[in-house]
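Got a structure for you, written out below as structure tokens; questions coming shortly.
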């Protein structure tokens, strides 16, 4: 179903109507849970959603990672289990939704975007990731199994450090941090591409370069729309007192804000650099045009009049018919005289061009 | 009457003077009412405006939908029935009025714009829609019978769900949501058109393409002027405590704000994309110009001097008249020598061009 | 006296020094008064300024309309009569002063600009209008007898409606409203001009069109500088509680704010449209340039080499003098061969051009 | 010492290190004082700085005008006499310092810039002027003896009006007002220059015009940097309650703010106009380019093919050697036929050009 | 390790993970301390980090200058000694981190950037400098031994003035001031370069000039990103009450804010000037293009038709074969007639060009 048809379909439906607006990226929804505290760690795949309720336990942190958003029914059952507002699920399913933060009585709802860059097709792909942070659980919704979270899973398994000690809010911080760190990686990749553009543009730009820069700028804009709203969100997580976030974790959120700020600055800087490049391209191409046309004009201005002159003496007027008909042709010094005259023309023109600073 | 004449006519009239500033789009004003609560639903057409008063009933919600704005007298009687300020009716009739929200003691007055896109003429058409929300009634004023509201009518008829339970404020929310959903549909249509522009611009742009983009930009601007103020309005509906809106419906308004925000972002994004396209068009066309002129310059620079040379030996100086008159013509190797000389000229020029990176 | 000399003269004078900075537009200052309440209306011309004081009367509203600003002495006497601050009169006389609002203890001082458009010279002319609103009097200062106020005078004479009942503040509102309504009329006139520009620009622009657009943009800017500050002024009239404005008249000021807002939006929109037009002009003219030069390059690239070829066989090398001297001229198929060769050249070039998408 | 060396020298020095950063504009520092109240006026030149202390007297206002900033020692002694913070003197000496306002316990410190325009070199020159306003004294520091203050001196001498009655704060206001009035004079001078540019640009622009506009824009920017911060300063003089400024003088400061606002608006307007001019220049020059190249293309497209045709019949193929060798040359109607053919070519081309709207 | 790999490595690590992100600029980390009060001064190199703790002493100020950031272990021990948050050290090591200020309970953490300009490579280099200000100690972290601090060291050694009397906060101010003073020096250097650009651009711009300006703009942007955030930081040092900064030192911070403000203004001004230069370049190059093409068009328009005419009479139609074949060639005044006709053509064209204002 195309986006347009989808939008048409949704139009007029009740608020909270559940329609998945993305493409199916995984075959089946998978639900993985991590249930841990500092001493124990249980990791398993859940098939029966009813199980989830039982896992909630004030002594442990429960992380439910749901991968795949196309089976709306299953998600609806998860929603009911945790007593989540239907409007929240609507936003989880709407993969075009911008990052946002919403506080409900018992839980926080946060949408952000994970970014990936495919160097082959030079495309930035955006994944919609939603977080529901409750008292001692965290539910994450992904379109596909991204690898940003793997690193965190690994840490949960191998260390008994901070991540196992601190609560669900710290887990959310670590997952967000992992997403933001990934922005930095992507941005550095793009930096290399951009430097390459610079070289090509100043050297031998062609139609393809320009189209590529154009598409690159579009990708940068896509990135901006994903990254910039997250900065606001982290900022309001810090500024407003959130009962679900421990005060002692504030320092980590501030650090995260720092990272996202730096990513935003970098993106904005890239945008400016691209514009700078396009401008420099215009200036150099104007310069080249001027150079080209100066050459054309010099050559034409010298040789077109000369060609006219030799054309005159190529005329076939019958000098026998009248003494006025091209008597020059029979002069003793006719030919050297013409050559000399043309030489003078050339010299004069060259002097003029030099004075005009053209040569 | 042209707009200019109309404006001239209105000039100097009392505030609250009633002049319809649009075009007559329906033959006759129609007044449809829905009177409902969770158990009953009455739907009928009203001819006699006096009836309206009697329909007001604290147990039911009354929705009065008025279609057509040209019969000012009828509207005036409606106004009197509900004791609405004349300035409000003035704005209802002024179809060029921007979206706005005004709070009066007993009612809320809201103007918004419904959008339609005619793909054939590539024109965005804007319909002026006004809402008057009272304690348990809602009056809507349309220029013509749009189909956005049909879906809501249908729901009123078929379900006994939320829409029948909740009050007039919820009905207004649903109608607004329906208008905003329609923005999304229109925006997706425009997206397809814009992608088409991109292809044409990079491929074979002509005068028509440019004029079309120009008109498209105008249409986008029209859209912006309709969509952006609505965001502000919804925002102030949420922010200011409105006695006429139930606190429990706030969550729906927030959802609506979300949708309108997303529409605004999309429109702004389109604007940026169009500017991007125009820029890219300029750059590629500059590039093409440079290419074209390089070809011209290369060909001219090679052949104009050669033509001069062959022109010399086409002169008719009489070599019998003097030994200085073109003795070359009688040389044994005159012709091969000239051909060889020209070949050298060509080779030298080609080397120069290669060095300049022109070929 | 030129503006520069005037400025030089004023330089160093005391604050409140009275210098009229405009051009004399009427022969003599005229002072018309309307003294009215709901039951009576006196309208007369005043010659003796001393009379004015006596006309003040708490039972009636007194409107003093002063037309012409060049007789500084007379105005000074009016100032003294009503005990106005000298700095106020200084601003009344300085016709280049921007719109402003100032509150004094007993009166409000407001400057605005009335706009006129002369379609023949395509010039926007700006008139400086000042209001002094006291407890039950209103003094208006005009450079010349504009016709915006005539409509209000007419209403005062013919109706006994709101305008006769409500106080001096309502009168000021009506006069301001009349000025703002006139903005709308002017803006609609400009709209027609602008649409005309569009057609010319896309069709056959010339030097004159561009200069006209340039001047039009200047006029639009003049208009902006007059209209935009008034919006701020009306806004602060509404926001700050003004003892001289009845609370019941607030609703009219809000309506006025609405009108001025709409005028400001229209002006801003015009500005954007002009920029849009200029851009579209640039793009189409770039396109036309490319087209023109493509034609030149194609023709030159085909015919310049051909001319060279035929030039070769126009040389007069003596084929009798040597077997190497242009033996082709004597070949049996020399001429057809050359023609055929040139045909091949043309065909090859056309294929190349087609591949480059030039033809 | 160049600015760069100076900056290097200052680098690492203590705060409050006294280095004069300007050029010496007067031979010797002069210190003039005016000591006045409504009944008496003493005006004299001071050589011995120690005298200054004795002149302070609560019954009179003391104005100390110091002209020339290069004798740092003398200024240091003045500083000590009035117990001014060393950082203040540092800023007085740093002529590149932006306008600023600083409140100290006993005095106000204000920097502003006096502007001068030299029409010959088309240069705006900026003079650094500092004010120290104490309880009943005002110290002014100038780089050179500007004539703005002469008018105020004259008034002090001749009148016994407001300026002699009101305190040191009124004197400062009058001096500032005099500086701001001078801005208006300069701005009107620049207006005339700018109008001249407009005419030249639309008529016959050349390299010099463009360079002049460029330099003019730089001068306007210099002006902006001097004028705009002063607006902020005056505004904060009004907004914050300053113990050293009498409340009754507030009305004068408001008037001054009005003047400076108008100067700022004018400068901003100039900036916009220059950009407007540059844009119009670009558009007309693009238009002229198109016109020029259309002429070139028409002439070339007509005559280059024709020249080729006549070139064919200028070839010397020996028609005796073969019946295929240019038999046309011997045809009875060969010549008229060729002429006719060329005529047809021309007519066809002209029709094509007309269709393309080129001629 | 490239930045990209580094970022990949860091990705997923715990917050506070210590990775140095810069290049190793010194062989070995050096730790220099100054321990001073007004009467004593101890200056030494520290090898054993354990020593540091013992040096803390409420009677003296301790300045620890650490040069080189690559030995993470050593820095970690310093961190532990002073009980600094690990996140702080993470930022100290991340040389790409923007300037920032963070308050902790016992210390202030401040990052700023020291700037250097290498005139040979025309590159701005940025050094990451961190400050930790405690009760009576200051720790500074540098990448390399810059010379800005030498001047302060020298003052500590030679004077017993303010710098020895006032606390660690005054020392930090002096170091920051020294960094900001250095900005001014660099900015003046850049000013000279920029003036040089101006001359070249208006005279004989080439590809290299444009590339240089492009790189210069990038360097200016680098500078901006270092300088502008520092302004905010100093501002918040002043605005928020900081327990670690003595109120009596506020005046110095205000002076510092003044300096940094002026640096920011200068940088912004440079940016504007560069844009101005690029624009002027574009305008002059457009002008030159027009001039060049006017010459080409004039020459072509005159000589191409003439060449055609002489080409006609170079045709070899056999006038013996028919009376219609070029009888002109045998006319008595054929040649003078043709010359005359061509002269008329030239004169007419020149008149047309003069009318078009082309010559």
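Going in written order, the chains are labelled A, B, C, D and E, and every chain counts its residues from 1.
The criterion applied here is as follows: a residue touches a chain if its C-beta (ideal position, glycine included) is under 8 Å from a C-beta of that chain, and two chains touch if they have at least 3 such contacts.
In this text the structure is predicted, and so the values were computed from the model without any measurement.
Novice: If you walk touching chains, what's the least steps from chain A to chain D?
Specialist: 2
Novice: Among the other chains, which touch chain B and chain C together?
Specialist: Intersection of chain B and chain C contact lists gives nothing.
Novice: Where chain A and chain E touch, do the two copies share over half of their residue numbers, giving same, or under half, giving different?
Specialist: Mostly different residues.
Novice: Just curious, how far off is chain E from chain B if you go by their C-alpha centres, in Å?
Specialist: Each chain's C-alpha centroid was found; their separation is 41 Å.
Novice: Whole-Å distance, chain A centre to chain B centre, using C-alpha means?
Specialist: Going by mean C-alpha positions, chain A sits 26 Å from chain B.
Novice: Mind pulling the chain C residues that touch 2 or more other chains?
Specialist: In chain C, 282, 286, 288-289, 293, 296, 300, 304, 307, 311, 314-316, 326 touch at least two other chains.
Novice: Could you classify the connectivity of these chains, where an edge means two chains touch, as line, ring, star, complete or other?
Specialist: Its topology is that of a ring.
Novice: Mind pulling up the chain C residues that touch chain D in the complex?
Specialist: Residue positions touching the partner: 3-4, 7-8, 10-12, 14-15, 85, 87, 90-91, 96-98, 100, 102, 204-207, 210-211, 214, 217-218, 221, 225, 278, 281-282, 285-286, 288-289, 292-293, 295-296, 299-300, 303-304, 306-307, 310-311, 313-316, 326, 328-336, 338.
Novice: Show which residues of chain D lie in contact with chain C when the two form their complex.
Specialist: Those in contact with chain C are residues 148, 151-152, 154-155, 161-163, 177-178, 181-182, 184-185, 188-189, 192, 202, 251-252, 254-255, 258, 261-262, 265, 269, 272-273, 276, 279-280, 282-284, 286-290, 293-294, 296-297, 300-301, 304-305, 307-308, 311-312, 314-318, 321-322, 324-326, 357-358.
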